[in-house]
Amino acid sequence: MLELKDTQNEADDRQIPIDRVGIKGLRFPVDIHDKNDRTQRSVATVALTVDLPAHLKGTHMSRFVEALHQDGGVLDVRTIADLPRDLLVRLGGKKAHVEFHFPFFRSKVAPVSGKAGLIDCDVRFAVEVTADGSTDFELTVFVPVATLCPCSKAISERGAHNQRGMVTFSVRSSEPLWIEDLIAMAEESASCELYSVLKRTDEKAVTERAYDNPVFVEDLVRNVAARANAHPAIVWYRVEAENFESIHNHNAYAVIEKSI
Amino acid sequence: MLELKDTQNEADDRQIPIDRVGIKGLRFPVDIHDKNDRTQRSVATVALTVDLPAHLKGTHMSRFVEALHQDGGVLDVRTIADLPRDLLVRLGGKKAHVEFHFPFFRSKVAPVSGKAGLIDCDVRFAVEVTADGSTDFELTVFVPVATLCPCSKAISERGAHNQRGMVTFSVRSSEPLWIEDLIAMAEESASCELYSVLKRTDEKAVTERAYDNPVFVEDLVRNVAARANAHPAIVWYRVEAENFESIHNHNAYAVIEKSI
Amino acid sequence: MLELKDTQNEADDRQIPIDRVGIKGLRFPVDIHDKNDRTQRSVATVALTVDLPAHLKGTHMSRFVEALHQDGGVLDVRTIADLPRDLLVRLGGKKAHVEFHFPFFRSKVAPVSGKAGLIDCDVRFAVEVTADGSTDFELTVFVPVATLCPCSKAISERGAHNQRGMVTFSVRSSEPLWIEDLIAMAEESASCELYSVLKRTDEKAVTERAYDNPVFVEDLVRNVAARANAHPAIVWYRVEAENFESIHNHNAYAVIEKSI
Amino acid sequence: MLELKDTQNEADDRQIPIDRVGIKGLRFPVDIHDKNDRTQRSVATVALTVDLPAHLKGTHMSRFVEALHQDGGVLDVRTIADLPRDLLVRLGGKKAHVEFHFPFFRSKVAPVSGKAGLIDCDVRFAVEVTADGSTDFELTVFVPVATLCPCSKAISERGAHNQRGMVTFSVRSSEPLWIEDLIAMAEESASCELYSVLKRTDEKAVTERAYDNPVFVEDLVRNVAARANAHPAIVWYRVEAENFESIHNHNAYAVIEKSI
């Protein structure tokens, strides 16, 4: 049999290394180990890349998918570097970067009725390893919350505008953190957390809780930042919040990033 | 010069006519004539299709784009059938269907301060003409509004959850209607309309107005339906509303469609 | 304890029934029974609605979520009517409608190397039941495929433009159909099916297969329609295809719907 | 009249400054001055932020919208710093950041028939000014192109898989650059550029041109990088490319960033 030409392995003379090359937008079923010592199944959208030195024309795309099938089915913070390390073995290069973005579920109990229901939250794992052995892990939670406007409450005789907001909270830490704990830090920083099942007694409770805890988008990111500053294991964070204002057709937005 | 083969014009023996074939997802700048007798420029996402009889293998895709360039730059309800009629001339067939989806702007004055600001709203024109001369025009406005929950207000000692909602209101009418008038019907049916510029005096006014006018998603679609029922020119409508609940991570939804 | 006011149960005098009211955009983990007699876990986006008679002011939103938690965790065509029937019991009304939209995975073997890899495909279950006992089930698969342009091949001395396309294929059937079989009908109708892992020998095979099987978007929907016409259990179908043309920044589109 | 409480102006004792706070997701009509000395109207999605010192509780959101109405209607690289400077005047702070993301149209002539048609391309202006007078301007073009796989061409007896790809090309420059010139750098780096109108003679030409110019996603970003390296005014760039592979349901991706 004739050998098929290996175009990717040809030499390249443009003398331009590539920072990251690989695949993006691939969906893959994953198991996530959660705080309750249970495994939950989800579906991740995956990006896998390595760097490419100047002298090589191309990478080998199919090897990314093969590595994913071998190492990518279980997301566990203790073994999260296995897949990018495997990419370096299969593909060469000095750095490998992997991202998994997936919905994560918690069971949450309504505050008065005690009714339980599942509620979702997006999570992103971003891991970079280098050939000399370093690992960087950035964990991000995307937490929907309720925010009630302090200004609207202060100036109005009755009521106050409130809305759903989205907190995007990324951390790097000196030891593994639970997804659930990061979500809680965002939820506690808002006017009220969200629920999937609320009976009338619960709806009364969350309405009043939100009214009693007004936060601007500025307060929301500061509250999360204060919690992150106080956490002994968090060495870097970035917290963004976006409120889908109920009085405007645009959003209020704030971000704080702590330098390492 | 050799004639290039015209594959599309070949015969097809599968005996299956095609309901609609053409192009989709094409962006095009358009001028819209508005109620204030001004022309506003916007950018539409366009879909253009015709039917294809069973005996033809394919349509001629480039002619859709040529017709759009000739007839599609101005959206005016009085001439809206010109483009689909031109498609029938260029492409043959018994039916042509065109859709334009675009952001539309109104200048809106804040309720107390009188500050003016532009606010956007998506609009869709869907027009179908037949070779025997009939024209069907469906006009849709996508109107963001504020909704405040009557149950939350009734059971809570203070406050009430509220949120942004989206009303999707489609009509067919016996005479041309202004986009602005349809938007107003949706806005008047909500707890409060949205603004782009609100000073503190305005924020107090809209907060209290929303609190004084609680509506469920059910009330919202019924209020729009009642207005549509009372309008002498509206012969068909469909009204949908989706509330991005500030207490849940899911949405409340309702729809009413009036049969012709 | 004081009884909390039940606003939803109040009378309504607008005399306007609501076609569908409920919840939308809720994500929920589901198990799907597949053709290989295995269960796969996925995450669905869910919409649940019932009709509301004119005399009632509102529905009870929390009951939809409670019903989902009780009946919605397993998607099986044999028991798919359980959830909407439960909605009718909990909420009253004459019709209940449920929709689940989720990614579905198959293991697919590369054509020459035999390497196996998972590939995803979106699926939608839409079920409507009525109080008098009828059930309507519409199953939709969203199948990505490759299409190679017959005209481009016929007129060009070398090469032919090709691209990813999306087939949206919905059916109603007289007996349960497997998701996998519907996907196969769409894949066989295209120039070539897609794979997640392709080694060089495979890439040669799929490139040549696509070149040898050119299809217009018109051919693609007709090929699926012909297969659906020939299937004894399919009583209704709608097949749409959209090609993300590699020579344009817009898409080619076609649709065929068979009336019942 | 009683003074309404100014909650935003209250003191804050959490001692946490905010990097950016403001508004996001606001749509606004804009005029863009193009290379042909014409003005084209588009619709931008806008984000406007300033930093907030630790001692202030909140910013004043309405002033962002007022500044936008005063300065934001015309996008011209020569006056692009006016709006963020105005934000610093109205809101205080040490840094202001503005972003406009909008579709931009060019008229493009088909290569053989000479037929002209408009084709769209997204563009982003990101401008940051500081209170001490510095201005940073990052211009990004999102350019759809065609890419044909060199490996598929080399190993296959006939045909080669190709697809639409998206180049995201950002630059900082020592003098103003035209949007049109950046788009051209991306288009010339691909297998072929895209068109809105192509007659059969044109389709033959672009099919063969793509076949004669195969590029991997790696080649595409390197070709753009080489052009950017050679451009005397470009002092920084980042070029990303994503190919919507016609043989996979995932994308090939590469990025090169030049440090300043």
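The letters A, B, C and D name the chains in turn, as written, and every chain counts its residues from 1.
The definition used in the following text is that a residue touches a chain if its C-beta (ideal position, glycine included) is under 8 Å from a C-beta of that chain, and two chains touch if they have at least 3 such contacts.
Keep in mind the model is a prediction, meaning the values are calculated, not measured.
For the pair chain A and chain B, chains touching both partners: C, D. In this assembly, the chain whose C-alpha centre lies farthest from chain B is A.
For this pair, chain A with chain C, the centres built from the Cα atoms lie 28 Å apart. Between chain C and chain D the centroid-to-centroid distance comes to 34 Å (mean Cα coordinates, whole Å). Taking each chain's centre as the average of its CA atoms, chain B and chain C sit 25 Å apart.
Multi-chain contact residues of chain A (touching two or more other chains): 4, 26-27, 65, 120, 151, 155, 196, 198, 200, 204, 249-250.
In terms of which chains touch, the assembly is arranged so that all chains touch all other chains.
Interface residues of chain B, counted against chain A in their complex, comprise 119-121, 144, 146-149, 151-153, 155-164, 192, 194-196, 198, 200, 203-204, 206-208, 210-212, 244-250. On the chain D side of its complex with chain B, the touching residues are 4, 6, 26-29, 40-43, 62, 65-66, 69, 103, 105, 115-118, 120, 196-201, 204.
Contacts from chain B toward chain C in the complex involve residues 4-8, 12, 14, 16-27, 47, 49, 52, 57-59, 61, 65, 150-151, 154-155, 216-219, 221-223, 225-226, 229, 242, 249-257.
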